[in-house]
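Structures incoming, each one as C-alpha cells.
Below, chain A partners chain B and then partners chain C, in two separate complexes.
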Partner chain A sequence: MRYVGKSYPIHDACQKASGRAVYAGDMELKGMLHAAVLFSSIPHGFVKKLDCSRALEYPGVVDVVHCFNTTEREYNRYQSQFNQALIYTERVFNSHVRFVGDRIGAVIAETEEAAREAVRLIQVEYEELPYSLDVFETLKGTIDNVHPSGAVFECTDMVTGTMPEEEDLVTVDTVTDLSRINHICMETHVCVADYDQYSGELTIYSPNQTVYGIRTLIGDIFQMDYSKVRVIKTTMGGSFGGKQEWVLEPVAAAAAIRVKRPVKLVYNRSESMISTYGRSPMHFQSSFTFGRDGSLKGVDCDLLLDAGAYLGNSINYARTVGHKLFRGYKYPYCHFHSRAVITNTIVSGAFRGWTSPEATIMFEHNMNMGARALNMDPVDIRLKNVMHPGDADPLGNIPIGNFRADEALRQGREHFFWDRRKEEIREFNKKNRRYKRGLGVALGAHVNGFYPSKTDYARVDMRLTETGSVQMNITLHDHGCGTVTAMQMIAAEALGIPMEQVSLGEGDTKYTPLDVGCFSSRTTYVQGQTVCLCAEKFKDRLKEDVSALSGLPVSELVVENNLVYGKYHPEVCYTWSRIADECQQKLKHEVFVSYEYVPDTNPGVAGAHFAMVEVDTFTGMTKILDYLAVHDIGQAINREMCVAQTQGAVIMGAGAALLEHVVTKVSGRPMGSLKDYHLINCFEAQDVRVELIEDGGTEGPYGAKSIGEVCHTPVTAAVVGAVNDALKSDMNQIPLTPDVICAYLDEQEKKEREKEA
Partner chain B sequence: MESLLPKTYEEIPGCLRQMTEKSRFIGGGTDLIIKMRMGLAAPDAICYLGYVRELKEIRREEEWLSIGSCATMTEIEQDPEVREHYPALMDAAADVGSLQIRNNGTIGGNIGNASPAGDLLPVLYLYDAVLEIMGPDGVRRAGIDEILAGPGRLNLACNEAILRILLPPSTGYTSFVKLGSRKKVTISRIGVALRIEMDGDYVKEMKMMVGAIGIKPVRLEKAEEFIKGRTLNEQNILDIAAILSDYIREHVAKEFDRDYKVFASRGVVMDAFHRLRRD
Partner chain C sequence: MRLSFILNGKRKVMETEPDRRLLDLLRKDLHMTGTKEGCAEGECGACTVIINGEAVHSCLVLACQLEGKEVLTIEGLEENGELSAIQRIFVEETAIQCGYCTTGMIMSAKALLMHNPNPTEKEIRNALSGNICRCSGYTQIIRAVKRTAAEGGC
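Let's look at the complex of A and B:
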C-alpha cells in the first residue's frame, strides 16, 4: 500500500506548531461580545432574587441573561438525536440550583474582563436546601425532590445465561470505587455563537464531537427550525469525551439570540473542571465465581453510579457498563444491576471509552483476585477465559470477528519478559524493605461503531476539480488525533492519487452530510470504510464518463495513477483534469458521486497491557518502570498516530490509577485547579512500548479497526494490578494515591503489630 | 493600580514612601498574579525591584554569601558558591515548581509569600539566614525567624522591602529533601533540611528544620539531641523519623493530611540523610 500503514503528520500540524491554527477561543467576529457565567455558590437551593443592577452599570456591559429572563425549556445535555427519549431537567440557566457550579446567568460585555468583573457584582439571594455529596447520602432520601423525576434511577437489571450448577467453585467478592476524574483537555471549553436577526439564522462554532447533535439540541431548546441552526466544528484541542455533551453551546446561543450579536464564551480551567462534566464516581460490588481450573463461571455485579447534579447520559452510561462485560471474556452467566443516583456535585458524563475502562477496572481486579485465590498466573487465567475469533457477544449475538485478544496476551507476555521478571521481582522484593515491585496485566476490549444498538450510517461525497484533484465532503470531528489525515490517506490509497490531491474538511451542518458524530470508536471503521467504498464508486464514475467521451466500453477502461486509459487502446488516455474539463464542456455535468454506507458488523478490538511498577512503601509513591501495550488493530492507518494515541492513553489511564480525582469539600465546593488535581506530568511519564497486531480481516477500511478508546481501556486496571501485585494488596479504590497506599500500609503494619503482640 | 519601578538602588526609598497597606511587592509574580486574577488580591500599587542590579546579584561578601532578593530560583540553583557551600539551598531551589516557575520565581518572593509550604524557608532557617531590609529611612538587618510571622504574614511594615538574604558560613554537611504529591512540579507536604557535623563516625551536632508541618518551619530539637554522639546507622535514622512522626501526630491537624505525613516521614527523613552523602 502506498499510504495506509505509513506515518504522516496530522493535517494541521504546521498551523499548530506555528500558532496559525484558529481555535474557537481565537475567533474574532465583527461586533463580537464576550460572556462570563454566574455560577451557583451553594450546592442545592433556589435562587429567590437576582440583583443585576450593579453589573448592568459596569462599563462595557451590554446585557445580563439569567434564569428569570431566558427560556425555561428543559433539556438533556446528552441529547444528540431528534425525539431522543431522555429525562429532561436541565435549563440554560437554573433557578433551582443543584451543585456549586450550576449556571444561574451570564453577563454579556464588550470584553471578557468586563464580563467577568460584572459577574462579581450580581447579588444572588438563595433559599438553601439539604444537599447530598455521595450516592449513599442520596439513597437515605436527603434530596428526593432534587428533580421532579426523583434522585435515584433504576437503569438495568439483566441476567445473561445461567449459572452452572457445579461444586468446588471459588468465589471472590470485591468492592471497586472509582473517583470523579476530569478530561483535562489542553483546550478548555469554548463556544462562539452568532445570531443574524434578519435571516433568523443562528451559527454556532464549537469544538465538538457531533455538529448535528448540537443542531438538534439547540433547535429544540430555542424552538428553531433545524435549517436555521448552523453548527461548525472548530479546531479542537482534545476532547476525550468531554466535548460530546452540550454545556456552553446553549449558553452562547441564548446570549447571541438575546443581544443579536456574536458572543464568545470561554471557560477557564476551573470552570471547565467544575461546570462542564467529568467521569462519574462509581461504586461496584461484584462477585466472580471460578472453577478450580480458572474458568470464569459467573459474574454478579451491582453498580451505583454517581450522576452528579443532572442526569445527562448517566442512565445510558450505567446500562452500558453492563454491555461492556461481554466484549473480552466468554463465561456462562452474568447478573448485572445498576442504578444512577443524583448528588449535588459536578455533573457526570462521557469519558474516553464510554464505560469500557470503568468496567475493565472492576472486571480485571476480580480476575487478579481470582488468580490469587487459585494460585494461578494472571496471564494464564485470562488466556483461559478470553474470547476467540468465531465467538459472539451474547447481547444480540454479534460476532466479534477476527478478535486477537489471545494473541495479544501471549505476545505481550513474551515481549514484556513476564515470566522472567516475575522471578526477578520475587528476588528484588525479598532483598528490599522499602521498595516493592509488581507486575500487572489487563485486557481491554471495545467496539467499532454503534451497530446494532443504535443507528449507524455514513455518507461521503467526492467531486473532481478541473486540476484533477478530489474534493471530499464528509462530516468529520477531528479531536486533534489525526482523523482528517487518516481519511485523506484512505481516500488517496483507494483513489490511487497523491494525498495532497485529496482535500477535505470537518463538520458543518449547512454543507456536510448528516452524521451521528464521533462516538463509539466508529470514525475509522465506519466513516473510513465509507471513504473506501465511495472512492470505488468514484472510479467507476470516471470510467463511465471516459466511456461516454471516448466511445470505449466501461469494461475496457483502467483507472490508474491519475489516468483513465483503454486496456487495449492505451492511446486513449485521459488525465483526471481532462475528464473534469470535458465532462463540463461536452457532457454538461460535474464528476460527482455520493455514497451512503450502513455497517452491519461490529467486531471486537482488544488491547493487552502490561505494567511494571515500583512502590515506595515509605512514601506511597508509585513509579511505572516499564509498560507495554499490544493492540489488535486489524490494520493501522496512520501508524505513528496509533502509537502516539496509545502512549497518550497510557499516561491518561495511569493518572487515573495513581493520582487523578476531583475532590469535593464537605461544603459542596469542588476543587477546580490543577494545583490540586494532579496528572502524570512529563517528568514521570513512562516510556510506553506499543505493538500492533495487524492481520486485517474486518469490514473496516483495509481491514482496520479502532484504537482511540480501546487503548485507554486496560490502562488503569493494568497499573492498579501491578501495585496490588507489589504490595500483595487488594485495593481497588481509584486513585491509589500516596495517601491511599500509605493508609493501607499503615493498617497492615498495625495488624502485624497486633498479631505479634 | 500603580506600578513602582525603581531602576537604581538610590531610587528604592522614594518608591517605598509611596507604598500603603494595600500595596504589594512583586518578584516573579508566580503567586501574586494568580491571586490577582482570581480576585484574591487587588493591590493599589505593585513595586518591582528586579531592575535594581544589586538585587539580582549573588556574591561573596567577606564571610557572608549575599543573595539579592530578586535572584531567581534558577540563578540560585546554578550559582557555584551556593552549590559548593550551601547545597541544601541548591536542593530546595532546584525543586521549586517547574523550570518556567524557577526561571521567574525569586527568593524574595518565596520569603514574602510566607507559605507554610515555602520550599526555601526551612533551608534559610537551617543556614541561619539574615535578611537585609530597607525602609524609607534606612537599612536594617534581622534573622529570618524575626521576620517570618505566619502563613502569608511578615513582621515588616508595608513600606519595607527585603533587599538581600545573607548567609553566614556553613559548616558540615547539609541537605534538603521535599516530599510532595508527585515527584516534580508539586507543593511540599514535608520538607526536611539537615545539617550535620561529624566527629569521626559520630555525630557531633545536627540541625534539623522541617517545613510544611506548621505555620513556620519547625526545628526538631528532640531529634537533634537524640543523634548527638551516635552514629548514622539505619536504626538511628529510623528513630529520628519516628520523632518526626510523633511530632506531626501531636501538632498537625487531621485536615492537613496528618495521617499521611505521620506515615511518610520515614521516607523523606531517610532520603534527606542519604542526600547528605552527595553521591
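Let's look at the complex of A and C:
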C-alpha cells in the first residue's frame, strides 16, 4: 500500500510546532468579553442570597449571570442525542449546590482578570446541609434529599448463563477500589460562545468529541431550534474522555445570550480538575470461581460507583462495566450488579476506555489471584480462558471477529522473555531484602464503534475541484491523535491520488454531516470505512462521467494515477482536472458523491501487556523496568501515531496504578493542583515497546481495528499485577502509592511478628 | 511601570503592571499565543520560554523581573519564514500529537541544546522533566531532541 501503514505527522503539526495553531483559548473575536465562574465553597446546601452589587461596580464588569437570573431548566451533561432517556439533575447555575466547585454564577467582563476579581466580590449566603464524601456515607441516608430523584440509583442486575454444577471448584474473593483520577489534558477546558440577536443564531467554539451532541443539549436547555445552534470543533489539546460531556458550553452560551456578544470562558487547571469531571471512584466486590485446570466457571461482581454530585453518564457507565466483562474471556456464568451513588464530590464522567480499564483492573486481579490459588502461571490461566475467532460476545450474540488475544499473549510471553525472567526474578528476590521485582500481565479488550448497543452510522461527501483535488466533508473530532491525517491517508489510498490532493476539516454543525461523535473507538473503524466506501463510489462516478463525455462504456474505463482512461483506447485519457471542468461545462453538474455507511459488525480488539517492576520495600516506591504492549490492531493506518498513542496510554495507565489520585479533604474541598496530583514525567517514564499484530480480516478500512482506548485498557492491571507479584501481596486499591505499599508491608510485618510471638 | 526588554531579538518597550505575569504579557497584551498556560504553577511546562539562555516557566515570571532581559518565545524560532531545525524535526519524528505541550517542550529542548549540544538521553530526560506530555510516552520527543543534536543543533 502507498500510504496505509506508513507514518505521517498529524495534519497540523507544523502549526503546532510554530505556535501558530489556534486553540479555543487563543481565539479573539470582535467585541469579545470574558467570563469567570463563581463556584460553591461548601459541599452541600442552598444559596439563600447572592449580593452581586460590588461585582457589578467593578471596572470592566458588564453583567453577572447566576442561579436566580438564568434558565432553571434541568439537563444531563452526558446528553448527546435527541430524546435520550436520561435523568436530569443539573442546571447551568445551581442554587442547591452539591459539591465544592458547583457553579453558582459567572461574571462577564471586558477582561478575564476583571471577571475573576469581580467573582471574589460576590457575597453568597448559604444554608448548609449534611454532606457525604463517599458512597458508604450516602448509603446510610445522609443525603437522601440531594436530588428529587434520590441519591442511590440501581443500574443493572444482570445474570448471563448458568453456573456449572461441578465439584472441586476454587473460588477467590477480592475487593477492588479505584480512586478518582483526572484526565489532565494539557489544554484546560475552554469554550467561546457568540450570540447574534438579529439572526438568533448561537455559535459555540469548543474542543469536543461531538458537535452535534452539544447542539442538541444547548438547543434543549435554551429552547432553541437546532438550526440556530452552530457548534464548531476547535483544535483539541487532548481529551481522553474529558471533553465528551458538556460543562463549559452551557455556561458560555448562557453568558453570550445574556450580553449578546461573544464570551470566552477559560477554566484554569484547578477549575478543570475540580469543576468539570473525573473518572469515578469505584468499589468492586467480586468472586471468581475456577476449575482445578484454571478454567473460569463463574463471575459474581457487585459494583458501587461514586457518581459525584450530579448524574452525568454514571448510570450508563455502571451498566457498561458489566458489558465489558464479556469482551476478552469466555466463561459460562456471570452475575453483575451495579449501583451509582451520589456524593458531594467532583462529578464523575467518561474516561479513556469508557469502563474497559476499570473492568479490567477488577477482572485481571481476580485472574491473578485465581492463578495464585491454583499455582498456575498468570499467562497460562489467561490462555486457558481467552476468546478466539468464532466466539461471540454473549450479550447480543455479537461475533468477536478476528480477535487475536491468544496470539498477543503468546507473542508477548516470548518477546518479554516471561519464562526466563520469572526464574531470574525468583533468584533476584531471594538475594535482595530491600528491592523486590515482579512480573505482571494483563489482557485488555475493547470495542470498535457503538453497534449494536447504540445507533451508529457515518456519512462522507467527496467533491472534485477543477484542479483535480478531492474535498472531503466528514464530521471528525481530532483529539490530537491524528484522525484527520488517518482519514486523509485512507482516502488517498482508496482514490489512488497523493495525500496532499485530499483535503478535509472537522466538525461544524452548519456544514458537516450529522454524526454520533468521535467516541467508542469508532472513528477509524466506522468513519474510516465510510471514507473507503465513499472513495469507491467516487471512482465509479468518475467513470460514469467520463463515459458520458467520451462515449466509452463504463466497463471499459480504468481509474488510475489521477487519470481515467479507456482500457482498449488509452488515447481516451482524462485528467481529473479535465473531468471536473467538462462536467461543469458540458454535463452541467459537479462531480460529487455523498455516501452513508451503517456498520453491522463490532469485532473484539485485544491488547496483551507485560510489565516488570521493582518495588523498594523501604520507601514503597515502584519503578517500571520494562514494558511491552502487544495489540491485534488488524492493520495500523498511521503506524508511528499508533505506537505513540500506545506509549502515552501506558504512561497514563501506569500513573493511575502508582500515583494519580484527586484527593478530597474531609471538609469536602478537593485538591485541584498538579502539585498534589502527580504524573509520570519524562525522567521517570520507561521506554515502552509496542508490537502490532496485523492480519486484517475486519470490516474496518484495510482490515483496521481500534487502538486509542484499547491501548489504555490493560495498563493499570498489568502494573498492579507486577507489584503484587513482587510483594506476594493481594492489593487492588488504586493507586498503589508509596504510602499504600508501606502501610501494607507494615501490616504484613506486624502479622508475622504476632505469628512468631 | 515602563518595561524595556528584548523579545525575540527586538527591543520592546511597553507600559505594564509590575506584577503582570510574563505569560499574560505575551498572550494577552502582545497576542502571542504560541506560549500556552497549562497549570499556572510551574508544574507542567506548557508556558516555557527562554530568558537569557535559560528555560523558565513564563507563568512564574513577573514583568518587574524582565527589565533588560532577553526573552525568546516559540514565535522567535522560525528562520526565514520556515520552521527551524528543532521544530521541523519534532514534526518529522511524530513528536507532536495534541500539540498543547509542544511549544513549551521545544523551548526546553532548545535551552538544553544551547548549553549542551550533545546531551545524553539522561540529560535530555532531565531537561524535559518539567514539561508534561499527556499524549505520548516521550519516546518520539526524546528521539527528536537526539536527532536535532546529531544534525548540528537547533
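As a convention for this text, the second predicted complex is superposed on the first by the 757 of 757 C-alpha atoms of A that agree within 3 Å, B and C clash if a C-alpha of one lies under 4 Å from a C-alpha of the other, contacts with A are read in each partner's own complex, and residues count from 1 in each chain.
The rule is short, and it goes like this: contacts are C-beta pairs under 8 Å (C-beta built on N, C-alpha and C of every residue); 3 or more make two chains touch, one makes a residue touch a chain.
Note that the structure is predicted; figures quoted are calculated from it, not measured.
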With the two structures overlaid on chain A, would chain B and chain C clash, or do they fit side by side? fit
On the A-aligned overlay, A:743 touches which partner chain: chain B = first, chain C = second, or both, or neither? first
Please work out whether A:688 is in contact with chain B alone, chain C alone, both, or neither, and reply first, second, both or neither. second
What is the contact status of A:616 with respect to chain B (first) and chain C (second): first, second, both, or neither? first
For chain A as apex, the angle formed with chain B and chain C - C-alpha centres, to the nearest 10 degrees: 40
Please indicate which partner A:450 is in contact with in the superposed arrangement: first for chain B, second for chain C, both, or neither. neither
Determine, under the contact definition given at the top, whether A:205 touches first (chain B), second (chain C), both, or neither. neither
In the superposed arrangement, which partner chain does A:659 touch: chain B (first), chain C (second), both, or neither? first
On the A-aligned overlay, A:675 touches which partner chain: chain B = first, chain C = second, or both, or neither? both
I want to verify the contact counts: of chain B and chain C, which reaches more residues of chain A? C
After lining up the shared chain so the two structures overlap, which partner does A:269 touch, if you call chain B first and chain C second: first, second, both or neither? second
Which partner chains sit in contact with A:482 here, chain B, chain C, both or neither? Use first/second/both/neither. second
Minimum C-alpha separation between chain B and chain C after superposing on chain A, in Å: 5
Which chain A residues contact chain B in one complex and chain C in the other? 675, 681, 683-684
Touching residues on chain A, where the partner in the complex is chain C: 7, 9-10, 12-23, 25-26, 28, 111-113, 183-188, 235-238, 240, 268-269, 479-482, 640-641, 643-648, 650-652, 673-675, 679, 681-685, 687-688
Can you list the residues on chain A that touch chain B in the complex? 120, 434, 616, 618-621, 623, 659, 675, 678, 680-681, 683-684, 737-739, 742-743, 745-746
In the complex of these two chains, what residues of chain C are touching chain A? 24, 27-28, 31-41, 43-44, 46, 73-75, 77-78, 83, 87-88, 90-92, 94, 96-103, 106, 125-126, 128-142
Which stretch or stretches of chain B touch chain A in the complex? 39, 179, 181-187, 257, 259-260, 263-264, 266-268, 270
